[in-house]
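Down below are the structures I want you to see.
First subunit A sits with subunit B, and in the next complex the same chain sits with subunit C.
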Partner chain A sequence: MIPLLVACPLLFAFLVSLFDVLGVRAKITRFLFLTGAISPWIVFFGIREKVPLDEIVGGYAKTAGIQVSLDYINVYFMLAELILFFAVSIYSIEYFSKHRKNGKIYSLLLLMHTGLLGAFISRDLFNYYIYMEIASVSAFALIAISEEKGAKRAAYKYLILSLTASYLFVFAVGMIYLKTGYLNAELIRGSILPSREIDVAAGIAFSALLLKAGVFPLHSWLPDAHSKAPDPVSALLSGIVVKVPVYGMLLLYLSLPLTKRFLTVLMVVAFASIFFGIVLMIVERNIKKFLAYSTVSQMGYVVLGVSTSNILGSVYYAFAHALIKGALFLSVGALIRAQRSKEIRNLSYRGDAILMLSILILSLAIGGVSPFVGAYGKSLLFEGMKKPLEYILYIAGIGTLVAFTRLNYYLLKSRENFNAYSLQRMPPFLLSLLVLALGVYYGQRIDYMDFVLIVSAVIGFVLLRRSGIIEKDIRYRFSKTVGEEINIFMTVFLLFTLFLLLQNF
Partner chain B sequence: MKMSTVVRTTTKLISPFLVTYAVYLMVYGHLSPGGGFQAGVVLAVSVILLITSHGYKKVRKRFKFKEVGMIENISAVFLVSLGLIGFMFGSFFYNFLTKGKFGSVISGGIIPLFNVSIGLKVGAAFTFVFYILLRWVESD
Partner chain C sequence: MINAEIAGIIIMLIGLYGLMTKKDLIKQVLAINVISTGLVLFFVGMGYVEGGEVPIMPQQTVVDPLPATLMLTTLVVDVAITSLALAIILRMRRDER
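This part shows the complex of A and B:
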């Protein structure tokens, strides 16, 4: 039954595209799009009782077929994808209704849905790669479709860097296949012996996946791509598309023997990403870029879970972050649509109680304040961690809260009357209520330690404001042409790959 | 873009044979070297040859944009629904048509059907790519 999860949205993607070519009324394509978005939910409810589930597609032998499964590793990725895509599909019906090519956009969104679901259920490295590519190729097209200035350039940069990473990843998968004779994660685990080739394959595959996840030294495509995309697409990109490489890292972690030193390097990279994202969040003025840098920072936490062998922590944190960041992008998108500005200083949520409440809830949740679901992910991430690292993470949590205090300060300060569309206000609001409800469901209580964190974040914000760093207009630019920029990023990427490879010598 | 008479006549002669070859590759894909993707590329080449020799505008009158899009989407829908029909017989993409002697065309079950739909999908998509790219280049 599991392949049905992927087949339904794929069928509806092609049906939407077909009906679009035939030129039927927009109402019918919209209906088909919504059916395609909901259809995996129906399948999911059908199989939810039997959840640790395992299947070979087509009923072939395990050594020959493609294994798909649903268990504790991926069921939360699936849930996050299904919830977020449902919210985004409702939001995008309003958002794209006036767009000239909306049939094509719906079809691409459904293809992305297919790619994400297919990547999350697969236990086979090559199948995982194929579906990750389906999701990324639709992402390139969906970014380029945006009418904003610079969107094509951002999409091109994302395309080149992401495709290079994909080729390196499939090269590494080929090396693993050559050494073990299998592509299935479980079978690889059973027959692998530590060797030089496997170390090289692990290094290349991890650096490719880190680029796709947008972790610090390789993040450079992310802020542009995520901020120039249309708002619902940004929510999907930042919420769930960057989680696909994390699932790949978990698959590799479960199937390859990684050395202790390699994991330590990964941990250092994760910490660097957390703090880099926070520093840029504090100075950034464009609100969508602000959220994109927050993604860079939060992906650091998720990778940290992988590097400390804490799979559950990583999975739950990714789940929490997908919901929170998706909802943040959607609510900020409603603000941007109504007020026609992207500058943090010009925006305001004072005129709209629902958006105000949801942005406040989400800002607290992303800082890991209980009783929201982010706190549960964080508490799982902290389990079994050494004391000094835990203190560093507390400082990082305060940093995130400082940045979000700044966001809320500006949004509260200016006052503007505006009317947001109700179809754009409700999905983020419901998501933020879900974030609260899930936190309570996982047994989070109000914790007095969090008040200390919030108060210190506010104090930190006031101090930073006094010192004048926040008000400064910091603009930086490496180069003029796209070519130069891509060359620089590519050099960084190759140097980073080399660095990871040298760790195992 | 209109090439000389020799080129135009030759491409007109070659194109039908390329279509036949593509059909052969689709139908016999499971028995001999070939398969859906290759067949689709050959199919697309037969149209692309005509585009290069006769010009985009003339070819577009015969192979219409909308029809190409319809072929592409219908074959894709057919492909996925074949996989879904397999569910009635056990599992996704289950080969429910196995009959006939080993080595004959019908022994492949649903595999030739897959190859046909993949071939049409790839051929139409490649033609599409050329149409869209040539829209910017064409200036005759």
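This part shows the complex of A and C:
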């Protein structure tokens, strides 16, 4: 049954592209697209009772076949994907309705759906890679489809860096296969012996996945790609596509013997990513780039969960972040669409109570304030963490809240009347209600510590504003061609890989 | 003696060198293809068994067929992405003009 989750959207992707070429009316293509987007839900409800579930595709022996599973590691990734994609598909019906090539866009979106679901159910490293590639290839094409200036350039940078990382990942998988004879994560775990080759493979694979997850210092493609993409695609990219590499890291973590030192280095990288994202958020003026830098910062938290051997924390945090960031991109997208600007200072949500409420809820949720679902992810992430690290994370939480206070300050300040499309307002609003409902469902109560955090964030914002850092126009601009940028990023990537490799010697 | 795996790794490194030093976009796409060729050689060499036969009929010793099959899939991905990259480069040039 599990493979059906992936097969349904794939079938509908094919049908949508076929009907589009045949010139069938747009209504029918739209209907097929929505059916394809919902179809995995039906399968998911069918097997929901039986989780945890294991299956070898085609009924082969475990050593020969491809294993797919649904259990505590991936069921929340699946849920996040299904919920977010559903919201995005409704949003994109309105968003792409004027677009010339909307049949192609719908089939690419469904292909991305397929790739994401396929990667999340996979327990076989190579199968995981293939589905990750399906999702990334559709992502490249969907970014390139955007009419905005610089979108093609962003898509190209993303393509080259992500593809190189994929090849290095496959190379590492090959080394693991050479040493163990298996590609299945559980079988690898059973037959692996610590050796130098495995250390090298782990270093290369993690470095490749960190690039695909957009963690500092390998984030350089992310802000451009996520901000230039069409708004619903940005929501998918920042919400769930960057979670696929995290699932890969969990698979590797569960199957390879990673050394203590390696995990410590990973933790340092995660903290660097958290703070780097926050600092750039505070000075960024483009609202979509602001959210993209917030993704860099939040991915740091998720990787932190992996590095502290806290799988549950990482999974729940990724789940919360997927919903919150997806909804944020959708609601900001509705603002941008209605007011035709991307500058934080020119935008305003005062004219629309629904969007205002959802952005406020989501801003609090992303800072880890209870009773929202972000707080639950954060509390799981904090479990078993040493005291000094916990304090650093509190500071990071305040930093995130300062950045989002700034966002809300500007959105409140200017007043502009506008009309957002209702199909664009509802999905983010429902998602933000879900963020609240899930938080309550997981037993989050209002915590007085959070008031301290919010108050200190507001004070921090006021101080920063007084000092004039926020108002300043800080812009660093590469006057470089795309080719030169790729050269630099690639050198950074290889140096980072080398650095990870040297940790085990 | 140099074997196929080492040769594959060296070819991959040549491709990476290309990505680090060449500014021309077409050359970068070619460098990616060089990496993938090295990867295929590495995998095929990995499955090779000294004196092994084609793994079609049950024989004494056969080479490991799995790496070669995996590489078929990787080659498909490679072809698709190369065409996509070239298309994006064309559109990018049109934009900048």
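Criterion: the second predicted complex is superposed on the first by the 504 of 505 C-alpha atoms of A that agree within 3 Å, B and C clash if a C-alpha of one lies under 4 Å from a C-alpha of the other, contacts with A are read in each partner's own complex, and residues count from 1 in each chain.
Rule of thumb we're sticking to: contacts are C-beta pairs under 8 Å (C-beta built on N, C-alpha and C of every residue); 3 or more make two chains touch, one makes a residue touch a chain.
Being a predicted model, the structure only gives us computed values, none of them experimental.
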item: Which of subunit B and subunit C A:M385 touches, first, second, both or neither; value: neither
item: Partner chain(s) touched by A:L10 [first = subunit B, second = subunit C, both, neither]; value: first
item: Touching partner for A:F171 - first (subunit B), second (subunit C), both, neither; value: second
item: Which of subunit B and subunit C A:G59 touches, first, second, both or neither; value: first
item: Winner by number of subunit A residues touched, once subunit B and subunit C are compared; value: C
item: Touching partner for A:L430 - first (subunit B), second (subunit C), both, neither; value: neither
item: Touched partner set for A:I311, first subunit B, second subunit C, both or neither; value: neither
item: Complex contact set, residues of subunit A against subunit C; value: 126, 130, 133, 137, 140-141, 144, 149, 152-153, 155-156, 159-160, 163-164, 166-167, 170-171, 174, 177-178, 481-484, 486-487, 490-491, 494
item: Interfacial residue positions of subunit B with respect to subunit A in the complex; value: 66, 69-70, 73-74, 76-77, 80-81, 83-84, 86-87, 90-95
item: Footprint of subunit B on subunit A - complex, ascending; value: 3-4, 7, 10-11, 14-15, 17-18, 21-22, 55, 57-59
item: Residue ranges of subunit C touching subunit A (in the complex, touch as defined); value: 12, 16, 19-25, 28-29, 32, 35-36, 39, 42-43, 46, 66-67, 70, 73-74, 77, 80-81, 84-85, 87-89, 91-92, 95
